[in-house]
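A single structure is presented below for examination.
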Amino acid sequence: MRGEMRHALLVAIVSAIVLAVAPALIGTYTLTLLVIYGILALSLGLIWGFGGILCFGQAAFFGLGAYTYAIAAINIGESTVPFLLGIAIPFLFAAALGAMMFYGRLSDVYLGVITLVVTLLFFRFMNSTAGPEYVIGTARLGGFNGIPGFQTLNVPGDPSGYIFGDAYYYLTAVALLIVYLLVRWLLASPFGRIAMAIRENELRVELLGYDARARKTLLFSIGGAIAGLAGTLYASWAEIVTPGMFSLGQSAEIIIWCIVGGLGTLVGPVIGAMILAYLKFALGQQSVIDNTLVLGAILILCVLLMPRGVVPTLGTELRRSFQRPQTGGTRRRPGASPAERAHV
Amino acid sequence: MSDSVVQTRGLTMRFGGVTAVDNVDFSLRRNELRCLIGPNGAGKSTFFKCITGMLKATSGEVWINGHETTTWDPHQVARLGVGIKTQVPSVLDGFTVRENVWLAAHRVTAADGVASRVAEAMERLAVSSLANSVVGSLSHGERQRVELSMILASRPWLVLLDEPAAGLTAAEIATLGEIVTDISRDAAVVIVEHDMQFIRSIAGLVTVFAQGRILMEDQVDKVMADARVREVYLGRKN
Amino acid sequence: MDLAAIFAVEILYALASLVVISSGLAVVFGMMRVINLAHGEFMMVGGYATIVAVKSGINIYIAMLIVAPIVVGVLGVIVERLIIRRLYGRLVDTMLATWGLSLLLIGLASMIFGNTTTGISPPIPGFAIGRYQVNGYSFFIILAAVAILVAMFAVLAGTRAGLVARGAMQNPAMASALGYNPERVYMLTFFAGSALAGLAGGLFAPLLGLVPTIGSAYIAKAFITVISGGASVIAGLVSSAVLFGATSQIFTLATTPMVGEIALLLIAVVLLRLLPQGITSRFFRGAM
Amino acid sequence: MINRRTFLASSAAVAGAGILGASAGRSLAADPIKLGSILDTSGAFDAYGKPMDMALRLAVDEINAAGGLLGRQVEIVAYDTQSDMALYTQYGQQLARVDKVDVVHGGILSASREAIRQTLRKSGVPYFYNVLYEGGVCDRNITVIGVTPSQQVEVLIPAAIKKWGKKIYVLAADYNYGQITARWIEKFAKDAGGEVVQTDFFPLDVADFGSTIAKIQGAAPDIVVPALVGGPHLSFFRQWAAAGMKSKIPMASTTIGIGNEHKVLTAEEGDGILVAYNYSPEIVSPANEAFLKAWTAKYGNTDQIHEIAVSHYQGIHVWAEAVRKAGDVGRDKLTGAIESGLSFEGPGGKVLIDPKTHHAVLDVHLMEMSGQKLKVLESFQQRQPSDTQGVCDLAANPDDNTQYEIKI
């Protein structure tokens, strides 16, 4: 366990260096979004890759975090409380939704459908709030056009001390590193072990006297809170929130990040998110070929050629090329146990 | 009655039109070793699942150690101090043996005692040498032992085993007999089993199921000699 | 009274269109446990195939009922050979690959057809019930839905191919032991599912403003209908189409389309919470 | 990184960009002026965006062929936002901070405009939004060339009432544009002695209107007014015709035709629908003839031209006029020129910028769809954007920065 945390710290330090150097190559404004998407991908990577919960509606928590922040910021002004609400509300909502699903013993694809439908519900509802009757406090929900013009993140206690530009990038980068380390710590704790055990064999864990439903609900809620954090950061970055955040496309994109990056790892989804989001950004600067077509082709090829994702595939290749034959024999299957998974 | 640790009253389980368990009254004393036998489809496994909470009975009651557990979930039953082994070895294939046993010990032990508890449980089932192997790579017999080791690590006073001898070699069955006898020294044990050889080797009281009901209940030798049992059970089993 | 008749037709039409939209997805999901997220785009391709065929002088009924299913069926076989075949048993991976496929098809269609394709008009004129006009083509859709269900039932229950298909789905080993190649069965099933998607696209082409992104308007509805129906292909499809179609249409008629859609989604959530394996896990169990 | 800075054959050397605004004017005369473009040219809204992109490139070609502006060539820096609002924010920042463009033209949906408007205002980059929209934006940094409800609805609804009767049934897209336009329809109907009997709002992905058509018959209006938007909504017109309603209840629409929808519908489905826009290819004027000729020369045919492509084209020329008049591309002088009664004779008629609102005074043509074309019935010269004028006065409040929801 201690070894895992040491490893996680090493990953965090390397990432910190990469994140600190990155602005030399890509504008911090774009980088900020990549980092926010990284946090969002991490939230699904945690509950799907380690908890075995396939959520088709991670976008619901992302959007909910962003809307909560925007609405609270309009009503309150100073950003500290809205920021905390932007994490707390998705956490509570995920807890309620998770309890409903897990205590109902919903499984695999049906769980996927419920989360998808809930996301669609948000999408539909938010899209239909253009009328003046949809107001929370002084905040108009705005329908399809969303909510612009709210107070963006400020230095706590100083409403005019906006955090923006490079400073905002470093703030999100630090947030990503903290979330990563916290999640690593969580996974190394007994709670994390048991969560992974539930994914492996829910019945066995129940027969040992653990309440799998409560634990899955809690894990799901933590995933919701992290997605909410990503949404909150996004709101401050974009300075507008729109129902598109709840869309099917947004949900699917998060799943794709995880698949392309590599499920069962934490770094994988983050890297997947950053690569694909940057690709989308880069594709928008050319008009030779339709961008939708390119993204579709990439997705198909990834599923067919690298079903485990970029990071685990690269990891295996690297390990193979560095491994000496005499140490290879007695090791256990790569990527199989929690201890092994912790390396990526 | 009062010293019963497991008791069912009128326990009935129906699936659609089929009654798998039909109005069964069953009772088990503290520290007793009991075998449930019967031909395929006699309802013994369904009965087992009703006791463990994996199935919820259609009607009737289940009492464990003074609690009515009829509608409880498996984890609640387990929390009473009940160790449960399912028919197919239910282990965590992606985890190592040590991690598997740790999971069982963690819930019932203070943090500083977990390591020694894990070591002790692995020692008793002779899986210590496999401690760092991934369970998915082990043989069927080894996996059965890992599962039993997990049950021991959770230090139960009641152990429910569903066909522990299934798929084991003769030598492994002999070892299993010793293990079960060892377990039954400080816990009540219920075993659902097909293998008569194995049941003989652990002796004890036997309950015979047929068509969802209890046909008879007696010492193993008497049961073996009974004509009705031969007819419904041994007859079909050759 | 006439208005009530019109409303009844509309409710019936809503059920029928759900059946038409979802049937292809239901066959593929029910038989193969594959969720084809490119289903909506398969419909879109069927729509374009119909329009192109009609524009080149082919009779509209032939275009809708024959050309569109064949074109999309062939597309389905190609997709099955190139992609799906490699992913059997990996539900999530197939969903992702077919989602990629849907993007690819949208991209291709916008490059080929652009965004302004003149559509075709329905071949059946509207007619009057009392003072009110009703879309004659609605009846054609209702008929088509009934025909699709009857055909599906006939094939599954009455033909050797249907029997083999059901057998292969339940136990591939047994089917191959009996001398049937499960690979071929899968391929034919996917062909049938795709052809049904193509047929749906063809049938709706005269009612839609066809654009490359039209598929997304259907996929969520079809997906929810099929999953909520559960494992039995026909019984599941019919029961959930009736439930969802009637609910959403009644709410739409009584209030607004938005309320209708939200009612549909809420019912789906409640339904799946109560019947986590779909309607046919509790009712009509063992039906086809 | 793929970059499309070199779209114009003429832009030879790309120097490391000058600083923003005024200082750019001081840089070498050989430096091109950078025009940032931000449009959805793929994804769900590309039916609107692709022709706008074509119009932009045509307009810039014309400007450069005429010797450029202030002796400098105009260079396009274009981004495809793929119908994704997050990309608007991203590219908006990219244009303002990295590419340091001199002006930005683009944005299609109101949400996309709001996603970049504040960024461009903060960075001091003048912004032109050249699309028909719901009105009410009050910001000195923006110039709006598109038609607003008062200009359009004020012409359309009274004409329809006069022609067909008083009872109106409104079908509107369920977002800001639809909501606000529906209120304008109600107001102008009342002013003309008519009445809106029912208004239904539709989420943007509704494609099945069977129940609506039944409901409309229940209400038995004299006129149906669809303010529907996007591909799925187009199905309404087809289903309406299929139900045989076309001969029963006539239609007047505030939106159909903007994205060339009249070419997607067949003539039988579309004929007779009344609309009012700034542009139709059928307009007879020297400016339009020249425009159609230039478009044909560049793209082969005129099929893709639609209302907002022309708006976009006019917006770019208005900006070019302003640069010429200001003698500078910087925001301050440019804004001065924009507020000096600037005008441009475009294919849709004279475009005059109202200094108080930065909105355009435009000709509006009442048209009827006929044989997949927009046949002009009557022209209304120089309509004021009176909706926005009622709430916005930039001369009095130069620091205003809101989108007003106009009280009716």
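Just so it is clear, A, B, C and D label the chains in written order, and each chain counts residues from 1 on its own.
Just so it is clear, a residue touches a chain if its C-beta (ideal position, glycine included) is under 8 Å from a C-beta of that chain, and two chains touch if they have at least 3 such contacts.
Values in this document were obtained by computation on a predicted structure and should not be read as measured data.
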Which chain pair shares more contacting C-beta pairs: C-D, or A-C?
C-D
Longest centre-to-centre distance from chain B, chain (CA-based):
D
Mind checking the centre-to-centre distance between chain B and chain D? Centres are C-alpha means, answer in whole Å.
75
Once you find the CA centre of chain C and the CA centre of chain D, what distance in Å lies between them?
37
Between chain A and chain C, the Cα-mean centres are separated in Å by 33
Distance between the centres, which are taken as Cα means, of chain B and chain A, whole angstrom:
42
Overlap residues in chain D, where contacts from two or more other chains coincide:
42-43, 174, 201, 203
Expected list for chain B, residues touching two or more other chains, is none
Multi-chain contacts only, two chains or more: what residues does chain C have there?
107, 110, 216, 258, 261
Can you name every pair of chains that touch?
A-B, A-C, A-D, C-D
Note which residues of chain B are touching chain A in the complex, please.
52, 54, 73-76, 78-79, 84, 86, 90-96, 99, 102-104, 106-108, 132-134, 136-137, 150, 154
What residues on chain C touch chain D, complex-wise?
3, 6-7, 9-10, 13-14, 17, 107, 110, 114-122, 124-128, 131-138, 206-211, 213-214, 216-218, 249, 252-253, 256-258, 260-261
Sites on chain A touched by chain B in the complex:
190, 193-194, 196-197, 200-201, 203-212, 332-333, 336-339
Contacts from chain D onto chain C in the complex sit at residues 42-44, 46-47, 50, 174, 200-203, 205-208, 210-215, 217-218, 231-235, 237-239, 241-245, 248, 259-261, 263-266, 268-269, 303-304, 372
Over in the complex, which chain A residues touch chain D? Could you list them?
27, 29-30, 33, 124, 127-128, 130-132, 142-146, 148-149, 234, 237-240, 242, 244, 249, 280-287, 290-292
